[in-house]
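Both of the next two complexes hold chain A, though its partner changes from chain B to chain C.
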Partner chain A sequence: MTATPIKFSTHANLRHRLVLATLTGTPLHITQIRSNSLTPGLTSSEFSLLRLLDSVTNGSFFEISVTGTTFLYRPGLITGNNGKPIRHTLPETCNRGVTYYLEVLALLAPFSKSSFSVTLDGGVITAATDEDMGVDTFRTAFLPLFGKFEIMRGIELRILKRSAGPHGAGEVQFVHGHQVRLPKTLHLQTPGRVKKIRGVAYAVGVSAGNNARMIEAARGVLNRFIPDVYVFSDVAKPQIVPLDYGKEGAAERAGGVMKGRAGGKTKKVGVGFGMSLVAETGTGCVYAADATARPAEPAEDVGKRVAWMLLEEIAMGGCVGRTGAMAVLSMMTMSTEGDVGRVVMGRDIIDEGFVSRLRDMKMIFGGAEVGMREATGGKDGDVVISVVGKGVGNVGRKLA
Partner chain B sequence: MDAMEIFRRYFESQFEAIEESPAPPITKSPEIIDDGDREDGFDGFSSGSDISADEEEEEEEEQAVEIVHHDSTKKAPRPLMSKQEVRAFMSSKPPPSGEPTPSATKNSKSRSKDADSGDEKDEDEALNLKNDLALQRLLRESHLLGAGSSTLEATGAARLKALNLRIEALGGKREVEKQNTPMHIRKGIEEKKSMREKKRRREAKEAGIVLEKEVKERKIRKRVKGMGVVGEPGVGRWKNGGLVLSKRDVASITGGGEKRSGGGKGRKGGKRR
Partner chain C sequence: AREQWLQSRTGSGRIQDLTRYLYDDSISPAEAISKWKGNTVTKDEEDEEDEDDDDFFKKADNQDEEDNIFIADRTLPRYDLEKLEQKWSEDDALEALRRKFITANLLDEK
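On to the complex of A and B.
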């Protein structure tokens, strides 16, 4: 491992870069991470991501500067702890949803040497946040994408404890038992028409009536277009935690002991409600939207907001929604060397961030080739994205 | 021709032709919407229906803006979902996508099952039998597989031993007995063998391992005839001051020895099995 690391700067696309580097085994050197910010360096959630990468790989090497603004990462082999279950505790101050980590795991797990079983606890936010989707969307819209690459067996996401933001205390378990050498080359060109809409409404520590109200409002919007709308309701208890839970440095002062912290005073955490909607087309393409209630937002408004978000997502078109676009392209690049995979996406998905992520991909894979052209036939404004496979595949499986 | 049509003709002759407006959206209270939409010239029409003049005046006085929500929720029936579908969606696994509805697959499955249920059953039966046989064999010969061997198939010397065991079970002769070993060595071998066997059983028992059933060698008590034990009769046994002869004893006295021995052998064989 004497390859010269690829240099990047700033924290933009940090997670995407780390995943690609781990998959290909390319070392990374990232500088100027929030160097001009009042809180410079990596955030606690990003540190936790590095720790998670360390625990699912063997022989990873991190060298982080004192301020945390620069780090060097030499990835190891993805082993999944040799099939033994991993428990990873997120920091209490974690402000990202748990899907921030789950998306990384879902991309790494197919290329692991042995099966994956990761339990995430601590500051786990299972509800949707502004940046990350909720766990229900992850399970019902993100994980089925891997079925298109014929990765479908033994994949589970168990939601053990639900929790909403801003400070979560939930628990989820991610099990992945389908490891492959190379993913199948993808040809996904017919988006089809939306045939059914499913969803999950969740309420943590608030009345189940909120769920019913959200569902009614969402159905009011969606029933005009399609009759087959069914939203499930999930009611959960909030978690009881010490009073100083989620405060900066409180966990360090307590030394990791939960009992008897803050003089035995407790509070409820993770209270809130939200909804996740998934639209499925006749050809098995999936669009998803989800949201959690903002402070003092009535349930009807949440329901309507999510329904409108879903309609917007459907209007964008394509075979893959925004939730899984980058994951699908990464998987396509991992597939058989020289094979060209094609996928149809909506024109609106291609924006500045999308292109910059493709550039990262090109740098880390050493010349990933991506072509775009107008789709002939089908909806106007769809774009066919062709990706040449690099045949990286599963390094651990190559030896076995 | 209804009254509305007559009114309409009259109105059109006075003013100008009315455009056909599309049917108002289905609402709970069509009267309220009509009120807001139409000009005063239309009052005649609505009054032709069941609204009384007094009510209309009241509403005009109020002049309040009525907000009507078009909510299609109440109209659409809730879709029914099968238990199977609910379970498939709400389990921890990602829901199956791009597949026909569960009910359809169920039907096709059951149909195909009906068609070749007989074949399937037979196949299952055969497979079960085969597995049973393999398991029995494994249990009987597992002691030949050392701790080091990773497969369930015996190899090398162990395989030959297993083969001998099988031949023996089928009624073949023991290979050991063919050899002409000196008595003291043979005794030593037997002793060591039983010791080893006992040790193996003891250790297995301590470790909680279930072994094959022990085949106990029946002790054949040979009766020493004549003057074996002092005071014992040569035939029969003493009971309550009398000599009791069993049927066998009688047969031994009256009949030939061959018959007796033959019967004895047969019984022995029967019991062992």
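On to the complex of A and C.
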């Protein structure tokens, strides 16, 4: 394993690059991570991601520079800790939603040597943040995507403790028991029409009335299209944590001891509410939208906002929504060598982030270009994206 | 209303035009997209992009802002709420979207 590492600069697409590198076993060398920022180097959330990668693989090697602006990563074998449960504690200062980590796990788990069981605790934000979807969207819209590759057994996300941002203290358990040699070649060309809308409204530490208000506002927007709108309402308690929770360095000083921290003074964290909506078409394609209330934002506004976002996603069309597009393309590249998979996506999905990720894929897989053409008979201007499988598959299973 | 709707959601360029720039590493992703979309890019936006040409992502001094969609490594798309509200409070846009739902009457359309 002395392959020359692929060089990237800046922390752009960091997760996507790490996932692809781990799947293909390609070493990465990333430089200039926030080199001009006032807080240079990797953030604590990103460090935590590297640690998580380390604990689900065997033989991974990280070499991080003192400032954290440069690191070298040589991925090991994805073993999932040989099927033994893993508990991974996120830093209290983690500002990314827990799906930031879950998405990585969901892409790695199918190619693991043994099953995954990862419990994430610590600074877990289960609600949607500005950047990351909430756990409900992950469970109802992201995980089912893998069903299209016939990866569907024994996959579960248990939400043990809910928590909203900015400092979370929730807990989730991700179980993945369906490991494959190669994912099935995907042909997904009929988006279909939306037949039902489901959702979850969550309120943590605030009145359950917020849920009802969000749901009513969302239904007000969506019911004119379809009567089959059902939104589940989940009311959870906030987490009680020491008073200095989430302060820089507080966790280190406490050294893992939560009891009696900050002189026994406590506060509530993770208070907030939000909603996740998922629209499902007759052919099983899903579109999702997700948002959490901003400070002092009324519940009605949140409900309407999420409903509008959902309409926007539906308007984009295609068989895969924006949240899952990259995951689907990565999985397609992993499939049987030489087989061409096709997926129809909305034209508006293609933006600069999309292009740069496709370029990353080409770099890491060593020449995996995708083909694009207009969908035939597509009056919507949808695009057929065809991906040739590289047959990388599951390295651990090859040996076994 | 349908024509309007189609107009609004399809970029002007054909997808074949994009494939030409897609893997051309001499063109930044942002440029590739703006070239593909053709004239939808206004003049001064283009000027800005030309400046950024060689440092690939953005100027160094505003790296803290992370407003760039692919720098921030985000999953959720970014929405312009005001536009969203404007768009979806119009009856036309809403009715145009109806064909994406099973409640649409397909016979009327063709």
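Things to note:
By definition in this document, the second predicted complex is superposed on the first by the 398 of 400 C-alpha atoms of A that agree within 3 Å, B and C clash if a C-alpha of one lies under 4 Å from a C-alpha of the other, contacts with A are read in each partner's own complex, and residues count from 1 in each chain.
Operating definition for what follows: a contact is a pair of C-beta atoms (placed from the backbone, for glycine too) under 8 Å apart; a residue touches a chain by one contact, two chains touch by 3 or more.
Here the structure is a predicted model, which means the values were calculated and not measured.
In the superposition on chain A, no contact is made by A:391 with either chain B or chain C.
By the touch criterion stated above, A:59 is placed in contact with neither chain B nor chain C. In the superposition on chain A, contact of A:159 is made with chain B only, not with chain C. Look at A:209: by the touch rule set out above, it reaches neither chain B nor chain C. Touch criterion not met for A:338: it reaches neither chain B nor chain C.
In the superposition on chain A, contact is made by A:224 with both chain B and chain C. Between chain B and chain C, it is C that contacts the larger number of residues in chain A.
Shared-chain residue A:311: touches chain C; no touch with chain B. Judged by the touch definition given at the top, the superposed model places A:131 against chain C, while chain B stays out of reach.
Of the two partner chains placed by superposition, only chain B is touched by A:286; chain C is not.
Applying the stated touch rule to the two superposed structures, the overlap between the chain B and chain C interfaces on chain A comprises residues 224. Those residues of chain A lying in contact with chain B across their complex are 139-140, 143-144, 147, 152, 155-159, 198, 200, 216, 219-220, 223-224, 227-230, 232, 280, 283-284, 286.
Residue ranges on chain A touching chain C, taken from their complex, read 9-16, 34-39, 99-100, 103, 128-133, 193-195, 221, 224-226, 282, 290, 304-305, 308-309, 311-312, 314-317, 322-323, 346-348, 350-359, 362, 369-374, 379-381, 383. Residues of chain B touching chain A in their complex: 71-73, 75-79, 81, 86, 89-90, 92-95, 97-99. Per the touch definition, chain C reaches chain A in the complex via residues 6, 9-11, 14-16, 18-19, 22-23, 25, 28-30, 32-33, 36, 56-57, 60-61, 63-64, 68-77, 79, 81, 84-85, 87-88, 94, 97-104.
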